[in-house]
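Look for subunit A in each of the two complexes below; its partner is subunit B in the first and subunit C in the second.
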Partner chain A sequence: MIAYVVRRLALSVVVVWGLATVTFFMLHLLVPGDPVRRALGPRASEETISNLRHQLGFDRPVLEQYGSFLGGLLHGDLGTSLSLSAPVSQILGDRILPSALLIAYGLVVAFAIGLPLGILSAIRPNGTADHGVRIGTTFVFGMPVFWLGLILALVFGLKLGWFPVSGYRSGVGGTFKTLTLPALTLGLSLVVIVTRTLRSNLINVLKSEYIEAARSRGLSERRIIGKLAMRNAIMPTFTILGALIGYLIGGTVVIEQVYQIPGAGSLLVRSILQRDFQTVLAVTLISGAAVVTVSFLTDVLQAVLDPRVRLEGKS
Partner chain B sequence: MSLLTISGLGVEFGPRAAPLSAVRDVSLTVDPGEVIGLVGESGSGKSLTSRAIMRMVPSPGRISAGEIYFDGRDVMAMSSKELRSFRAHDVGMIFQDPFSSLNPVFKVGAQITETLRANLGLGRAEARSTAIDMLERVGIPRPEQHFSSYPHELSGGMRQRVMIALATASRPRFLLADEPTTALDVTTQKQILTLLATMRRDFDMAMLLVSHDFGVIAQMCDRVAVMYGGQIVESGPVEAIYRTPQHPYTRALLASVPELDAVDQRSRPTPLEGYPPEIGPVRDECVFVERCPSARPDCRSGRMSLEQVGTRHHSACPFEGRPAEGAQSPVAKERVV
Partner chain C sequence: MTSEMHVLAGPQASVRRRRRHWPVSAVVGLGIIGTIVLLAVLAPIIAPYDPNKLDFASPTLAPSWHHLMGTDQNGRDLFSRTLYGLRLDLAVVAVVTFVPLPIGVVIGSVAGYFGGKLDAVISRLVDIVISFPFMVLVISIIAMVGPGLKGILIGVPIVSWSLYTRLARADMLVIRELPYMEACVALGYSRSRTIFRHAIPNLVRNSLVFSTVDVMGNLLLLAGVSYLGLGAQPPTPELGSIIAEGQAYMLTAWWVVTLPALVLVVFGVGIGILGDSLSDGRLSGVVE
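This part shows the complex of A and B:
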């Protein structure tokens, strides 16, 4: 088990380094526009521009810049934001919490709705409930995230007045109030994935011989589905979650715009428009690291739930 | 009185208007403590028949006809609650493949205690000690330690032992064993058969042993029913079936059993040519006519039913397996394969 965790951890570090490298070179070699000109405005003189460029080290060879970027990264230094004139780590620190809470809350919503619907669909495949769930979840999934967000804001925010339609407040009550609609938007768009994954896995597991054997011992359907089959069927759903985290982070970018939440997603959009390379790099890295961490955690969770996984690659 | 009585059992697939018949008109009785063998090729309906006893015919198949009585109780009329209790207390079932009949993500001990607690209402500690006793009884070495093993950590033979412990956990009076040794190697096979025989004797269980292997059947059973194309074509005491088979299919089946001590070439097994019939609509002729070495025009005149040919010995061949004039003997060793 420990060997397995160490192996996966080493792999995660390599992936994050790869991501840092690819993003760095893409920003420095491929993206058009000059961050220094952008920061100083159109009236700055050539001298001021080249002075600042020298000061920031942008005139050094790219490989040298890459070296100092990696060096800073190892010390936890994400650089300085050109457009906000503050350390990126500090800016990001304030922005990450709302985004992280939004994603976590969204996942809770997705699973709280998706799991029961998945089970309901799998009990009688192609039955009335299954078709109903399929139509409902696909319909919701078919709506663009920003559209779904606007509809929810319209109904629950403006018409019913249950939740505020924009902004973010900290504290437990404030977070709950301001993040419920955004999380519902994010979660609902995911329900179909959770439901479909669980449905197909559960149907397969319910056909397996060990379930037939459990039935032959007179165990109740409740026990068979709720405990014996779910433990097997839920694992691929968790794995999907690892892959979905990237989609979720992408989703927050749009949702934070719709609901005016000062999170990492809206920071990213702003930084791209400003050609604030340091901040873009930092946000990309942090989201990438989040994806890698979550997929690492789901792998570990899978190893805990399914003893056979621990043996993989050991033989 | 017999423990289990099946009469006129039919299992069908497909549309009700034009059903495809997989098992038809199967009748069988099992006395308390008796071991009955069900033998036949793949697709002969023997597994479906054994599952029908617990009303566990896999969907979309369905029991279309017949009566099943267990200890005087009408199994076909049981509510789902009664059915669960019937499965929990009265019958146990062992499956062919011990690699897939145990849940891979639960420890073997947990699987046994789960069943004991649900079916017998035992407490945690009591279930644990009973489970360890069961593991010991089925011959698992170091049962306390293997209580915490996962199925994949055990060999095939050990898993099948665990499966036997599970199936007999609530001391059923009747055990269904569907090809219990087919997935195992020969030495393990023998150990498992010995264990089954011991368990049967100790718990005084009746048993229905489904197998395609006549050797296994001969070793274990009191009586045997030979199935072909969804029907029983011959049934009787093992001794009689073995020594004086009456149905041409039984003879062909016996002729295809390899003999381990066969030295000379002439006693090489003779495989039966052709393929067993596929599931289809019922046809008004003998099920075996297409492959029967001694088929004659009369065989297509109608469906054959079991007729008594000896003490508790029945055959569905009215011509008693005697080859027609000029036809080849079904057990002729010189047949070209």
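This part shows the complex of A and C:
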């Protein structure tokens, strides 16, 4: 078990290092021109430019900069934003909470809707309920996230007036009010995946021998599905979260724009329009690291809960 | 044909048999997709108005027989703009889906066939690329090359080859052990002949099935990025940017925001139906 976790952790560290390297060289080799010159504008004097370059260390050899970049990362230093003249880690720190809450709330919505639908369609595959759920989820599958968001804002925000359609307020009540529609948008776009995954897993599990044994002993269907089958069927549904987290982060970028939420996603879009590369790359790197961390945690959790996983690597 | 001959004829024979029995749902899905592609291709003929012609005398007209989807805030015909937007979106998506597909399949097949260090390096690279949230990486590449379709055309292929690599590699690991691959070695075929002529035709199917979902994903991504103002630039008609432009008039002209995306929803239904009937659970390996 420990060996498995260590091996998996080592792999995650390698991937995060790779992410950092790729983002660093993207900034330094692919961006044409001088970021400092562009940030200071055309009227800045040569002296100001070279001073700031020196101050940020941009005049040193690329490999040396790479070294201090990696060193800085270990201390949580993500560089300095040229457009806001503040440490990126500080700017990002203020904006990560709304995004994280949105993702968490969106996941709750996705599972609250997706799990019952998945069970409903797996109980009688190709039955009326299954077809109904499939038709519904297929329609949602083709909806752009921002469009879904606008429709929900139009109906529940502007027409019915139940929720505000833009902004973010902190505190439990404020968060609930301002994030419900965004989370519903994010959650609904995920329901397809949750429902489909659970459905196919549950159908497979229900075919297995131990379920047949339980049936022959006369256990109620409710008990069989709720207690015996779900235990095995729900696991892969949770583990795809590791893959979904990337999708969720992408979704929040768009949804934060729709609902004007001051999160990490809207920071990203703003930074691009202001050509603030340091911030763009910090957000990219942090979101990549978040994906790696979540997939590490889901893998470990899976190994804890399911002995077959941790034994697999040994054979 | 006796059953022994069936066995000897191998995978090709079964492929041919499968092709004869297209399931009804696949035909329906293809029909929907085909209709929408046709609408996009024929946009210049079908569109009743010039998509960029401003008409300040008729701003935000509600849908009617003159303007099937109404007009936007500048009096442009929304139906014509939607058709042209669809045309642009599908063209871009076709490129960013079907260029990386063969590249990814070849890389994955080679990694799976040879194994060892090469495979380890390629697999780690795939892990790294897949770890970036797709949308965020594409956006950060747009940050470098500047807003516009160029960012999409560069950014999406940089990531999406890895999905096909992962699929093809997994299939190759299985195929590599099959007796007919041994036969290729026994017959003295070169490695490239073995991989390209004998292994890839048998593993490309999964990638093609996955590409149906990938097309939809890329379509939504392109619309999303354009909605953010980082993709197609106005006044170019593009579904995402049409909706973004209409957002300010959402209360007075609901049709600008709502109607253009319906074509994507219908396309998604077509893809969903086709994907379901082709996949029979094969897609589960991708979302890993």
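Note that the second predicted complex is superposed on the first by the 306 of 315 C-alpha atoms of A that agree within 3 Å, B and C clash if a C-alpha of one lies under 4 Å from a C-alpha of the other, contacts with A are read in each partner's own complex, and residues count from 1 in each chain.
In this text, contacts are C-beta pairs under 8 Å (C-beta built on N, C-alpha and C of every residue); 3 or more make two chains touch, one makes a residue touch a chain.
Not measured: the values here are computed from a predicted model.
**Student:** State whether subunit B and subunit C clash or fit side by side on subunit A once the two structures are superposed.
**Tutor:** On the shared subunit A, the partners fit.
**Student:** Does the superposition put A:S208 against subunit B (first), subunit C (second), both, or neither?
**Tutor:** In the superposed model, A:S208 contacts subunit B only, not subunit C.
**Student:** Looking at A:V6, would you say it contacts subunit B, subunit C, both, or neither? Reply first, second, both or neither.
**Tutor:** In the superposed model, A:V6 contacts neither subunit B nor subunit C.
**Student:** A:A86 contacts which: subunit B (first), subunit C (second), both, neither?
**Tutor:** neither
**Student:** In the overlay, answer first, second, both or neither for which of subunit B and subunit C A:G18 touches.
**Tutor:** In the superposition, A:G18 contacts subunit C only.
**Student:** Name the chain, either subunit B or subunit C, that contacts more residues of subunit A.
**Tutor:** More residues of subunit A are touched by C.
**Student:** State whether A:L70 touches subunit B only (first), subunit C only (second), both chains, or neither.
**Tutor:** Neither partner.
**Student:** Quick one: is A:G246 in contact with subunit B, with subunit C, with both, or with neither? Answer first, second, both or neither.
**Tutor:** Touch status of A:G246: second partner only.
**Student:** Can you work out, in whole Å, how close the C-alpha atoms of subunit B and subunit C get once everything is superposed?
**Tutor:** Between subunit B and subunit C, the shortest C-alpha distance works out to 13 Å.
**Student:** Spell out the residues on subunit C that touch subunit A in their complex, using ranges where they run on.
**Tutor:** 124-125, 127-128, 130-137, 139-144, 147, 216, 220-221, 223-224, 227-230, 239-240, 243-244, 247, 250-251, 254, 257-258, 261, 264-269, 271-273, 276, 281, 284, 287-288
**Student:** Which of the residues in subunit A end up touching subunit C in this complex?
**Tutor:** 11, 14-15, 18-19, 22-23, 26, 30-31, 134, 138-139, 141-147, 150-151, 153-154, 158, 193, 197, 200, 240, 243-247, 249-251, 253-254, 257, 268-269, 271-273, 275, 277, 280-281, 283-284, 287-288, 291-292, 295
**Student:** Could you please specify the touching residues of subunit A with respect to subunit B in the complex?
**Tutor:** By the definition above, subunit A touches subunit B via 208-210, 212-220, 223, 228, 231-232, 305-308, 311.
**Student:** Within their complex, state which residues of subunit B touch subunit A.
**Tutor:** 54, 56, 58, 84-89, 91-93, 95, 97, 100-106, 114-115, 118-119, 150, 152, 163, 166-167, 169-170, 176
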